[in-house]
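Below you'll find the structures, each written out as structure tokens.
Shared chain: subunit A. Partners: subunit B in the first complex, subunit C in the second.
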Partner chain A sequence: MLTYAMRRLLGLVPVLAVAVVLTFIAIQAIPGDPILIMLSDQSADKALAARLRAEYGLDLPLWQQFLNYIRGVATGDFGKSFRFVGVPVIDVIKDALMISPVLALAATALAVPVGVIVGVFAALRRNSWADTTVILVLIAGISIPNFALSAFLVFIFAVKLGIVPVAGWGTLEQAVLPVTILAVPPAAYIARLSRTYMLEVLQQDYIRTARAKGLSRRLVVYRHALRNTLVPLLTTIGIIFGGLLSAAFVVETIFNIPGLGRMAIQAIFSRDYPVTMAIVLLFTAFYALINLLVDVLYGVIDPRIRLGGGPT
Partner chain B sequence: MTKLAMLNSRAVLIGLAAALALAGAVEAKTFRTNIRADPAMMDPITYSEIVAGDVLDNIYEGFSEVADDGSIVPALATKWEASADNKTWRFTLRRGVKFHSGREFTAKDVKFTMETLMTPGMKGGLTTTYLKKIVGADALQKGETKELAGVKIVDPYTVDINLVEADVLFPIYPFYFMDAAIPAEHGADWWSKASAGTGPFKFVHWKRGVEIKLDAHKDYWGGAPTIDGVQFLIVPSGDTVLSMYDAGALDFSFLPELAMRRALKDPRYAKELISVPRAQSRYMGMNQNLYAPFKDKRVREAISAALDRDAMIKGLFNDAGFPLHGVITPGVAGYNPNIAKVGFDPARAKKLLAEAGYPDGKGMPPLEISNPPDFKDEITYYANQLKRVLGIDVKVVTVERATFIKAMNAGEVPFFPWGWTAGYPDANYYLSQMWHSKSPYNRARYSNGQYDALIDKAQTVADPPARFKLYHEAEKILMDDWATIPLPIPAQVALRKPNVKNVTMTSYGYSSFHKIEIQ
Partner chain C sequence: MTVQITAPGFWQSEFAVRFRRNRNAVAGSIIVAFVVLVAVFGPFVAPYAYDDTDLLGTWAEPSREHLLGGDQLGRDILSRLIVGARVSLLVAISVLSITLAVGILMGMIAGYFGGWADGLIMRTSDIIFAFPELIFAILVAAVMGPSKLTVIVSLSIVWWPGIARLTRALVLQLRNELYVDAAIACGTGPFTILFRHLLPNIVAPLIVRASIGVGFIVMAEATLSFLGIGVQEPEPSWGGMIRDGLVGLRTDPYLALFGSMALGLAIIGFNLLGDGLRDLLDPKIRDR
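Then we have the complex of A and B:
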């Protein structure tokens, strides 16, 4: 078990290395001189431009900039922000660091039980009007874009009814709307999956056997069927988490949550490349880590997976 | 639940409600407004950015300040006098001014601030530019000395500034004087731990991405503010700003562009809306060296007369714009309210172009109008309008921002709209930087000896009304020559709740928060 986890963890190194190289290349490929943008109305001040260029190491040859960057990332130093002139990137992002993952985890924690319950509910009432209604709601939940849903819910619950704050971060009330909105599409997705899996499982022989034994319907569904539904669901959680991280860009901006998503948008618009690069790397790392965690958990839940020999 | 427990919980509830009401009452005295991003810095030395300025303006002060109407009034200096050659300025400092630390503000703090700004390694920001003419500035910047020779403390309330060349604007430069003892007490990142100004509010904290909090400075020389503090909430999204304002989470909101357009269209905001022209001179640059027809004044005037500014303000700016008829924008000291209006006159435009030898645009060499991608709509409007009214084919080209700025600075762009934002509150900023032949920011490379002479002369006239007269003459030369085509200037739009008094928007941003009342 431990060796498996360690091996997977080591496997992350090349993934992150590729991400580092790709972000560096992407930033170099973007046209424009960040120093000139930084100077704004003092763009003709050559001495100031030279001073800043040297301070940021942008006067060095590209290969040297690349080496410095790699060395920095390896030691946790992402360089200095362009917009917050002279401030280390790590100081800019440190307060925002955990907010997006926490949001994504909270939304997952909400989406999984809700999704499973709704899915099972629909599966047990297959082809009834209740089932059809649930399916319609699920399609809506998956297809309504989060910014539209946000605008609607903010107007109703924050502006008109005043029961939750419009925006902000720090209190439980402030988290209610953004977490709910983030949780809607994955909950709908999980519900659809668990409905399908449940229907499949309910047709298995062992379920028939359990019923034939005279077990109550409740016991059959919750002890036998549900368990076997959960296993395939788990694999999708990694994908869902990735989707939540990108949805955080929009939801954090709308709800004014000072997380990495909102910060990434600001950094992109103000051409703060070092901050953008750091956030891209962090998101890659979060995504890779959660998938690793899911794989390990998968092994724990499903005894058929041989841990020592890897997933095949 | 037993009766006792119920009673207890009721008591707790009542207590809680009372506490909440109390908290509410206290909170109501905090003025809540929004800024669109974290400031780039929070200290007056490296200060170089507009959002930081919105906050720092309430914490720090200079010799003078700008009143709501754009005029200059004394602040930390009560009086300033120039020597006959305008090379020495004597400032009489206000007595009894208390820093946020409780120490008294005196001449040594002026000297300290100026020296710190110029010291290598201190990363002096925007205000450093204003100190370059002080005697000894060069030596200090090169690290040859530690003192700024040109700043002389005569007594604690009098300071003399010696300049290498005359600078009549020195008293109006927006300095932020700081408490000289603070860095020694708190170390290099003092700005995060202490408040070093004399302004009506003191710095409390900056939670990155969340808010900046200021508290009232009870010993403020102009009288203690009536509100307890200021909360600048950092809100990048315009829609969120409007929702927060609607829900009562903001007392005053400075609207970002998109929100501004929504608010101007919505009648329910009409009574709470403030809209003023921004201190940004906008113009159409026509480089006569790069495009031969621009050498003909009639062509330049024809282009101006072909532009329908009212339609632009309505359509392109969604009413968040103001017409400009010269170079100096309303709300900036030196503005000429009697300047001749520039209008839309398609018949005259056609006639002028024909007279110049290009009837219906025939015979005009290929012309390109260029700008960074954010202004594509605007340049497309100009190209379309010039085609419709004058028959000129204009190609629309967008260029990445930094590349474009570099090309403009090098005088390589023939035809472009651009704006120039006033860095200090006097029209000289526009006139000397945008159109003087010696300025690196004269991006259309206009050159007129008569104009240069007037500006050079204005820079030796310390008396504002006399100086403004020269500005008006110089501006008239530009307009008579159609050196520039004034373009509509963007509005600064804010919403103010009816219970909030004594705060408004000026051309430069927020008015002072000193006298704000929340009822």
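Then we have the complex of A and C:
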């Protein structure tokens, strides 16, 4: 088991290495001289420009800049912000660091139980009008983009009914709408999968055996079928987290939440590329780690995966 | 007495009958047909030009002149939604054509030739898969600057590996078939085998995959435009309209609400159709 986990952890190295190289190339490829942009109306001041260039290490040959970048990333130093001159990137983003992951975790914690309950509910009433309605709602839940859903929900619950605040961050009321909106697509996705898995599991021989030996329908569903439905769901957590991190950009922007997603978007528009790239790197690393955790956990539950080399 | 022999037409074929019985597919194709019609012919019948500003009619309420009201510059919301449909579909069609062309070619090369080409293509796709989709698109957008081209390029980069992997898996299944050996024995070149002999046999699952992808591409374009790194003003995009509308949601909700309805309905239509086609053509392919 440990060797499997180690092998997966080593597999992470090339992915992160490429991400580091790509972000470095991206900063280089962006048109315009960051120092001149930083100086704006003082760009004629050659001495100041030279000093800043030295401070940012931009006067070094490219290969040396690259080595510094790698060394920095490895030690958690992402360089200095272009927008806040002289301020290290890590200081710019440190207050925002935990907000996106917390939002994603809260949304997952809401989405998984709701999704499973709805999915099982629909599966047990296969082809009834309730099942059909649920399927339609699920397709809508997966289809409607989070910002379109936000428009409806903010209008109804914040503007018309005034139950929750329109935007902001810090209180529990302010978190209700963002977390709900983040949770809708994964909940719909989980519900759809658990409905499918449940229908498959209910056709298995061991379910018929359990029913034949006289167990109640309720016991069979919750003791035998549900457990076997939950295991394959675990693999979807990785996909769900990828979606949630992406959704954080949108939802944080809409609700004015000072997380990394909103910060990355602001950094793009203020041409603060070191900040943008640091956030891209952090999200990628976080996403890779979640996927790794899920795979290892799945290996613990289902030994076939370890031997096969990874879930398909 | 004459006996009339007619080949069963398309509408009597097994596919068409099963299609009509699939409620999702029918509902989806009606919505998609409507969106496509609006995108193709709508701009000719739209009441106003999409960039026709009227500063006295900013945030106009829905009325006989402006059926869905006006936006922050007094532009007709209905007209902009109609042109927005065209923009959205053009981006989706561009991304779909590029990803299908590149993905199928790469997948075929990887699956048929194997070896270092396979390794190179699959490792490249691994790297792209390692990024959450939207984040890779944002990386590209940061480098290229916000524009419609940025959206097409970044979404194409994100989407082709999925098509390539599917194609590769399908080619691997078929490459040891007898008819492939026969073609090789006849001296047929590898690319003739790939495109003449293998492609027709793998086209159904690829159609399914592409049709499921359209909804997601439309959503991704709208999301990038919403964030301001996609389609730029004055060209209308549903995502950008919703962003502008959210600002005035408290007092003038029509732009955000009608924009969200148009976008949501269109994506629901594409996903219903995609799901229906999947059920009909390839029951083996499940969610992504």
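The rule is short, and it goes like this: the second predicted complex is superposed on the first by the 288 of 312 C-alpha atoms of A that agree within 3 Å, B and C clash if a C-alpha of one lies under 4 Å from a C-alpha of the other, contacts with A are read in each partner's own complex, and residues count from 1 in each chain.
Following the convention adopted for this analysis, a contact is a pair of C-beta atoms (placed from the backbone, for glycine too) under 8 Å apart; a residue touches a chain by one contact, two chains touch by 3 or more.
The structure displayed is predicted, hence computed values, not measured ones.
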With both complexes overlaid on chain A, does A:T253 touch subunit B (first), subunit C (second), both or neither?
both
Which partner does A:Y69 contact after superposing on A: first (subunit B), second (subunit C), both, neither?
neither
More residues of subunit A are touched by which chain, subunit B or subunit C?
C
Now for A:L245: first (subunit B), second (subunit C), both, or neither, which partner does it touch?
second
First (subunit B), second (subunit C), both or neither: which does A:F78 touch?
neither
Going by the contact rule set out at the top, does A:F152 touch subunit B (first), subunit C (second), both, or neither?
second
Identify the partner contact of A:V280: answer first if only subunit B is touched, second if only subunit C is, both if each is, neither if none is.
second
Is A:G162 in contact with subunit B, with subunit C, with both, or with neither (first, second, both, neither)?
first
Applying the touch criterion given at the start, work out whether A:S270 contacts subunit B, subunit C, both or neither, answering first, second, both or neither.
first
Which subunit A residues come up in both lists, the one for subunit B and the one for subunit C?
31, 151, 154-155, 159, 166, 253-254, 265
Applying the document's contact rule, which stretches of subunit A touch subunit C when the two form their complex?
15, 18-19, 22-23, 26, 29-31, 139-140, 142-145, 147-152, 154-155, 159, 166, 189, 192-193, 196, 239, 242-243, 245-246, 249-250, 253-254, 264-265, 268-269, 273, 276-277, 280, 283-284, 287-288
Going by the contact rule set out above, which residues of subunit C touch subunit A in the complex?
24, 126-127, 130-135, 138-139, 141-143, 145, 215, 219, 222-223, 226-229, 239, 242-243, 245-246, 249-250, 253, 256-257, 259-261, 263-264, 267-268, 270-272, 275, 286-288
Per the touch rule above, subunit B residues touching subunit A in the complex are 37-38, 40-41, 46, 48, 123, 126, 129, 207-210, 233-237, 239-240, 243-244, 246-247, 249, 400-403, 405-406, 409, 420-421, 423, 440-441
Within their complex, subunit A touches subunit B through residues 31-34, 36-37, 41-44, 83-87, 92, 95-96, 151, 154-155, 158-159, 162, 165-170, 253-256, 258, 262-263, 265-266, 270
